[in-house]
Amino acid sequence: SSETLSGANQGSGDQGGQVVVGSADFTENKVLAEIYAAALRNAGVNVTVKPGIGARDVVIRALQDKSLTVVPEYTGNLLNYFDKTNTTTTSDEVYAALKSKVPSGLAVLDQAQAEDKDVLVVTKQTADSGVTSMTELGPRCQEFVFGGAGEWPQRWADKIKELYGCTFKEIRTTDAGGPITVDALRNGDVQVVNLFTTSSDIKANNFVELADPKNMYPAQHIVPLLRADGVSDAGKAALNKVSAALTTDKLAELVSKVDVNKETPTDVAAAFVKDNNI
Amino acid sequence: MDSILRYLGNAGTQREILDRLVEHVYLSLLPVVLAVLLAVPLGWCTHRFRWLRAGLFGVANVVYTIPSLALFVLIPAVIGTQILSPVNVVAALTIYTTALLVRPVADALDAVPAHVVAAATAMGYRPLHRLLTVELPLAVPVLGAGVRVGSVSNISLVSVGALIGTGGLGVLFTDGFSRRYPAPILVGVVLTLLLALVVDRLLVLVQRRLTRWARAGEVTGG
Amino acid sequence: MIFADMFAWLADPANWTGPAGVPARVGQHLLYCLIAVAAASAIGVPLGLWVGHTGRGGLLLVGTSNSIRALPTLGLVTLLYLVAGGGTGPVLVGLVVLAIPPILAGTYAGVQDVDRGVVDAARGMGMTGWQRLWQVELPNATPLLMSGIRSAMLQVVATASVAAYVGLGGLGRPLLDGLRVLDYGQFVAGAVLIALLAVLLDAVLAVFQRVVVPHGLRVVARAAKRPASANRSSQPERTGDAGESGASGDTGAAGTTGESAAELAIMASRRETGGSER
Amino acid sequence: MIEFRAVTKRFDDGTVAVNQLDLTVEAGIITVFVGPSGCGKTTSLRMINRMVEPTSGTILVDGQDVRAADPPRLRRGIGYVIQQAGLFPHRTVLDNVATVPLLSGWSRGRARHRAAELLELVGLPAELGRRYPAQLSGGQQQRVGVARALAADPPVLLMDEPFSAVDPVVREGLQDELLRLQDELDKTIVFVTHDIDEAVRIGEKVAVFREGGVLAQYAAPAELLARPADDFVAGFVGRDRGYRSLSFVDSGEVALDQVSTVAIGQPAGAPTAEWVLVLDEQRHPRGWLPPRSTVEGAVTEAGLTPGGSLYQAGTPLRGALDAALSSPSGLGVVVDERGGYAGVVTARQVLDLIERARPTATGAERGH
Amino acid sequence: MIEFRAVTKRFDDGTVAVNQLDLTVEAGIITVFVGPSGCGKTTSLRMINRMVEPTSGTILVDGQDVRAADPPRLRRGIGYVIQQAGLFPHRTVLDNVATVPLLSGWSRGRARHRAAELLELVGLPAELGRRYPAQLSGGQQQRVGVARALAADPPVLLMDEPFSAVDPVVREGLQDELLRLQDELDKTIVFVTHDIDEAVRIGEKVAVFREGGVLAQYAAPAELLARPADDFVAGFVGRDRGYRSLSFVDSGEVALDQVSTVAIGQPAGAPTAEWVLVLDEQRHPRGWLPPRSTVEGAVTEAGLTPGGSLYQAGTPLRGALDAALSSPSGLGVVVDERGGYAGVVTARQVLDLIERARPTATGAERGH
């Protein structure tokens, strides 16, 4: 145990005994960050949370310049970030590839079963007109305006053309699965949008997720990304326990508690940690 | 209303709001202090060397046209601070506020009655001494007004920092927006306004203390 | 380095065409700004003229409008967005609110600043209230009024980027999108385009100001700049007579932040209100 | 004719600026309101054109109660000139002057034509019309202010310290100009000043106000200097009032003495026991040769004893006395209208004239 | 003693403000620089304490070239008073006056004590020390300005139109005050004004400048009025110079006449053919009863003919002449130092005295 203690001390490293958990600027990530923080606290680690930082690029820069210690991440996107040329898509391949591509100084822990994938979504009407999968979407893309985050075209425009032969009439920047995107689809400003599988908006609006038979979007399991020397072993163990307890349904429920029931991420996280004895 | 009370009812939320408020205060006011320290020498230069005027005011104008968000993000790239460091916001707002204050400082110094300055010179003041003990105190009414405008607009500008995660109360806006939850936004807006009003009142009080002499004349209608 | 990225981004023809191209973004940005400043002028100028003319409630009104400067545009726009459910309305309202204080203050100060003797003479020669307002107070208020408008325009141009945050276009787009992926080239290009647009609009307004400010007032300004022997002898130890050289160059710049002087005059409220009965 | 009947003005803050003023300003002359600062001169003046409304009492202009008139219309019929001229900085001088005619519905051409005439009348060159007020000197601005007030040819002119912002020399010029104009125009002018010198110089009647807006004395200037109603007025008209009052004592017929004269360039002749006056070709006095002075050759300008002030025959005795007192010879030099030598007077002779002009005061003549 | 030796000041824009000035200001007296606007008076003054540096030439203060001194240190030894007083609005009156002592390193207590003394010296009540300048009248501000300049007891005092911003009555008071102070202090004072009246009233020597910064005449005031060096000076000293020069003619022994007097509250007695002077209990003149006037019962203040100006015995003859000229009876009332009736003079008597005082000008006395 003296080892663990010294490990903890070591881990706190540059942050002066502090582990800083960061999150991107959307609900799910914020909830996950709070869960990590709660778990770490229970493991005796001194934690602060810095939620709502923004895009991945900023978050990772922040990890690298030691502003942050841990962030909840997504395997597929993270892998893609570290290795643009990568083509693997299944859960295990992605996780394996990710572990090997994480730059030195950073590390990922166990991935959770819970997944929050990118998914293309259309309204019920559009679906009823015969678009229920990306394969069906492909030939009709010309009819549709797409809405998604600013970086989507760079990442996926070529890919979707290659796999499904889809070229949208127009690609419009909305936001990363936030209210703007949802409103745009609802108003009919756009017909196809990129959301995330745990989004509570999909059910609430009767939107239809398009199947992705060719696995264009890679697996996106929740995984803690951290500074390798930033967290004690006890802390790491706690984070792994979180991953073990997280399922996709559970995650969707947590998100909905915050987004729909307007509970706070902290409360939701505390309840989760308590319920799962972490 | 209900939703606001519910929102505010949560202890965690209260703590978060308080933290944000404190952050907001120092993010917005520290730059004002720094800017005054910078703007006084700069303003003095434009007052003293009139040919600097066009140039320095021009630069100040251009600085003012740069979107605040851009400065928040560019500053770490330029001065090498950590990307999430509050220093970035402080530095950016310091630049803005300095740009805003240079002119009032110059105007205020210009407005110090020439005969008072001449009298001070004739009594044997050295230039720096004269600046500190005669010209600056007399510039306080105009300068104070500039500081008030600067601090109020800073208090409103800080929230843009929320887009990069360092926005004081502004984080309540992005949070509320992403959750379609007006309560935090409303609370954030109201707190920002209140903060501005309180700070403004305080500045007025400070200014009044420093300018008792200016009101002395009003009593006798001078 | 950053600027090299920026030039690369700007040099890419793909960034210049289509609905997401620079011309379209500039057009959108310009439109928001022009509408907002026009609307704010339509509100602020008559209001400022009126309180300036009657002298009643002026300080109160300008004081109040000054405190709405503290209204964070981002908060206002997101709140309005949620209430109104999207559209350009929220952004425009946010920008109008931003633009009103300087315009109102400039107009009010402009009218208040008119030499008391001049107003008195106008009354004494039998001008009615309206004639005085139109023929004397308004023309004499134009320099400060225009400073107010120019200052409002600068702020609006810089702030109109919030439109992008609520899913609209304009030059905030490259700024926000660049920020999401830390694409400095795109980001800086956005910032520089905004700054350029601001400078350009200010120049246009400066020309407009030359047109609307009566020639006689410019003569006054010039006469004031030419240091009278009294001013001059106040700085006698000054070697090299800087007075003359300074006077020539800064007419352009003078107006732009002249606003500050105008409002400051008000905030400092050195002028006594009241005075003779109107 | 302007009548104040029991006029009182109490401002909202309780200041009584004018207190029970009864005064009749006669038509066709200049009446001056004078008094220390804050004594209600401006307030009294501004009640005439309803820039200020009286608290009680009545003001009649040509028998008409001013309250019956619509203020803007009333004001268009009354010229108003103020200290800083109050010119519109955004209009050319010509358009400034044309303002009231335009307000009264004249055509632009006619108004401008009239304005040009008026500029000439007040002695300004026509080119100035195209300038802006900021391009004029203080004195020129004041003239434009007067021209503007005269533009609609109003029978009444109110002037509130119109010349106090210009320097003494220019000021005297403007006063002369005003007197010359008034000779031509015969307006009813109410002129406010706090300078008693200006008041007695310009006014045919002078109303002296004291603090609290009370009329202290209302009389012709000579009367004011000779018989101040009380200590306040006596103090206000100041020292030298005896001497200054000579400005109002006409010389009548003065029997002039003659002295020996010599022209510049001529030989001085033999030394005498008398002062010799030196004249130039136009017979303008240039200086004196003292008694018993010997001049080699022709008299030149160089060696002369400078003369005193000159007295123009027919003007008030003040000048005659000063000429005598300032002359090194004790002989005041009298000149004709063209400045040519006419004779000399001694101080003693002037005193005799003053004595003769002095009214034999009787009880009946006592001041009010 | 301040010496200007061939001093020229040409400003950067080419204006020659002072041209080859040679002038010696004597120690311990008031020397006045006078001249029209822009003639270089201020510039000359400011070169003494190096607020302006001469283009060429040398200025010596007590034999020391001013260029050898460190300017701030030099200035602390030279008092300076300007038109608008130039008081620091943000400091109390007392602290304003204490400024130079504090600059020179005195302790705060000692400086304040000195300041309080000086306020008393210039005739201001001690309570005023706690006020701010804006709470004082213009005249009081000027006094504070003078006190401040005197604070470090400098041997030299420069005053640049110190009284021109206050109104004429207050101004005269300030001038008297200055003369009284100078009697006590014997400073070397250089006083700039553009008002020739002020110049001759205050100065023991007057330097008249003409445009272009040229010295036109440098003489005692009486000399200046009596013998202007040229037409420019004659024009500048203006009309009335004969009368004004009487300010410099001492009365010597005046044999006073007496008139019948009556005290207020006493019965007037039988009517006579003479004017009767009415006095109050302190024997201060209150007015006249005209010849043959009948007064029922006791004489009251009410019905009197107001008197003329009063002449204080021993002061220059200007006052005596004015008293005679302004008196309704033709008899100038002469009072003693306490204002009590002393006798009467006629204008004729005054003329005799003037005549007697007139120097018999000879060729030798010409010019300056």
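In order of appearance the chains are A, B, C, D and E, and numbering begins at 1 in each one.
In this text, a residue touches a chain if its C-beta (ideal position, glycine included) is under 8 Å from a C-beta of that chain, and two chains touch if they have at least 3 such contacts.
Chain-to-protein mapping (UniProt): B, C = Osmoprotectant transport system permease protein; D, E = ABC-type quaternary amine transporter.
It should be emphasised that the depicted structure is a prediction, and the values quoted were computed from it without experimental measurement.
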Going by the contact rule set out at the top, which chains touch both subunit A and subunit D?
C
What's the farthest chain from subunit D if centres are computed as the mean of the Cα atoms?
A
Just list the two chains that share the greatest number of C-beta contact pairs.
B-C
At what distance in angstrom does the C-alpha mean of subunit E lie from that of subunit B?
53
Starting from the mean Cα coordinates of subunit A and subunit B, work out the distance between those two points in Å.
38
Round to the nearest whole Å and give the separation of the Cα centres of subunit B and subunit D.
58
Give the residues of subunit B that touch two or more other chains, as numbers and ranges in rising order.
115, 118, 121, 162-164, 174, 177, 180-181
Overlap residues in subunit A, where contacts from two or more other chains coincide:
54, 58, 61, 179
Touching at least two other chains at once: which residues of subunit C meet that condition?
81-82, 166, 176, 179, 233, 237
In the complex, go through subunit E and note every residue touching subunit D.
36-37, 167-169, 195, 225-230, 234, 239-243, 245-246, 290-294, 303, 305-306, 308-309, 318-319, 321-330, 332, 347-348, 351, 354-355, 358, 361-363, 366
For subunit B, which residues count as touching subunit C in their complex?
49-51, 53-54, 57-58, 60-62, 64-70, 73-74, 77, 100, 103-104, 107, 114-115, 117-118, 121, 141-142, 144-146, 148-149, 152-153, 155-160, 162-164, 169-170, 172-174, 176-177, 180-182, 185-186, 188-189, 192-193, 195-197, 200, 218
Quick one: which bits of subunit B touch subunit E in the complex? Just the residue numbers, please.
113, 115-116, 118-126, 134, 137-138, 211-214, 216-217, 219-220, 222
Within the complex, subunit B is touched by subunit A residues 22, 25-27, 50-54, 58, 61-62, 65-68, 178-179, 258-259, 262, 264, 266-267
Can you name the residues of subunit C that touch subunit B in the complex?
2, 66-67, 69-76, 78-79, 81-83, 154-155, 157-159, 161-162, 165-166, 172, 175-176, 179, 184, 187-188, 190-191, 194-195, 198-199, 202, 230-231, 233-235, 237, 242-243, 245-247, 249-250, 252-254, 256-257, 260-261, 263-264, 267-268, 270, 272
